[in-house]
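First the structure, in the form of structure tokens, and then the observations on it.
Letters A, B, C and D mark the chains in the order given here, with residues in each chain numbered from 1 onward.
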């Protein structure tokens, strides 16, 4: 497999550096493969531990319990990473809104009208379902982001006029809610992200909904790839914009 | 007969190696981003295949949660990298080749 | 499960169209075929693995695979290789 | 019957894995970058199938939504954004790492 892959890249002459890289990587791969082969299959995992503590977590789905309760710290930082990605994208460019206003074909419009509400519905369904079956903030947020992308590529005429301030608030909603819940838990029950047992289910669903909204907006904003006009400091008339805005 | 875990683990390994090789060797920026995505897919495949149990036993949820966060992080990193690549191409093209267009392409 | 296998073969047949496809639209449509067959494969797998949750995966799949094709039509479709400066929009 | 199911499952696994590897290899080795992007979209879809097969419905949901709905448009839009500077990136049989010196003079 690996011997045939680089064939197209060695065009004129074989670069000795490329050969060196190839052999180094082949060696590393062989060692890793040997490790995998001698590793015991069916390793004992953490599923029994998770199943034992599942009733304390407030949700019935083990993956959601691991994500938001047992390893909530990871997920908090991960939501922050998403937020940072948007900040990074926004600090690089402005939104190049290649809109073709008034040029939307009726098929496209019908598709948006059919699919976008359904996507919102499915996103809400996934977030709600995350407490007991598969689903959750990330899946719901991804579907929400898909709806945002659908509206963005349709170049709906109201999209560039989405005001920047609610967009920013929506982006920050997930991290802020998550962090405030964590701090509230610190005050209430004496530990960072140690949820009180009675309110755990409600808090987890709250966090999930806020994070899903934020993740959806984040993905849509990442798709636009640039910060919106209408800054906080410099007030400009909007010629381009971003985000799917307020649902 | 090879077990399912082993099969998918080895596939993940080969994907990782393939992506790493292409990441080092290829020159086009978009291809590098694609290669790093392939690498991350390989790692995810390896992680999830350790959680898989043949038969109807319980599935280990911890690797699933890790892979779930990993997927979302990798897509945001990909988006950031794509914007960076676009900026690199814009600026390098403008400064190297067409200096007279600099004012209207990088004016924003 | 047999049907899932057969459909996977159909997907692989579609792959040939991606690799050979003379125009970009052919490739994109083959990718769409991947998505459509994927929905069917997931449904059959949900039956074969006795997991009802997988039906949601098929739902999300069916909703979102159209997005790539739509993006392609809206953003990347060139009328022809000669039109150098056109923005490729219809 | 159970043994038959096992063999069919094994065949399914083999075909899935082979498709994954072939897609990855092709998308990293084609000279046409647009083809690579389309193959990557297909790769994401096949990955979602693999998650379904490995009984990870959460991961499959996320991958189906992101791999199908977000990543493909992201790459296509970025490709287009890059093409606005160098128009000829997507031509068939085009050298991918041509030097930037003789790119067309239009912006």
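Convention: a residue touches a chain if its C-beta (ideal position, glycine included) is under 8 Å from a C-beta of that chain, and two chains touch if they have at least 3 such contacts.
Just so we're clear, the structure is a prediction, and the values are computed from it rather than from any experiment.
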item: Winner on C-beta contact pairs when A-C is weighed against A-B; value: A-B
item: Centre distance in Å when chain A and chain D are each reduced to the mean of their C-alpha atoms; value: 20
item: Between chain C and chain A, distance of the C-alpha-averaged centres to the nearest whole Å; value: 23
item: Separation of chain A from chain B, taking each centre as the mean of its C-alpha atoms, in whole Å; value: 15
item: Where chain B touches two or more other chains, by residue; value: 14, 18, 22, 26, 51, 59, 64-65, 68, 71-72, 75, 79, 82-83, 86
item: Touching two or more other chains - residues of chain A; value: 1, 5-6, 9, 63, 126, 133-136, 138-139, 142-143, 146, 149, 153, 219, 222-223, 225
item: Numbers and ranges of chain C residues touching at least 2 other chains; value: 53, 56-57, 60, 63-64, 67, 71, 75
item: Which pairs of chains touch, using the document's own definition; value: A-B, A-C, A-D, B-D, C-D
item: Parts of chain B lying in touch with chain D, wherever the complex brings them together; value: 1, 4, 7-8, 11, 14-15, 18-19, 22, 26-28, 30-31, 34-35, 37-38, 41, 44-45, 48-49, 51-52, 59, 64-65, 67-68, 71-72, 75, 78-79, 82-83, 85-86, 89-90, 92-93, 96-98, 101, 104-105
item: For the chain C and chain A complex, residues of the former touching the latter; value: 53, 56-57, 59-60, 63-64, 66-67, 70-71, 74-75, 87, 89-90
item: Complex interface listing, chain B residues touching chain A; value: 3, 5-6, 9-10, 13-14, 16-18, 20-22, 24-26, 46, 50-51, 53-54, 57-66, 68-69, 71-73, 75-77, 79-80, 82-84, 86-87, 108
item: Residue ranges of chain D touching chain C (in the complex, touch as defined); value: 5, 8-9, 11-12, 15-16, 19, 22-23, 26, 30, 34-35, 38-39, 41-42, 45-46, 48-49, 52-53, 55, 57, 60-61, 64-65, 68-70, 72-73, 76-77, 79-80, 87, 90-91, 104, 106
item: Footprint of chain D on chain A - complex, ascending; value: 1, 4-9, 63, 96, 126, 133-136, 138-139, 142-143, 145-146, 149, 153, 219, 222-223, 225
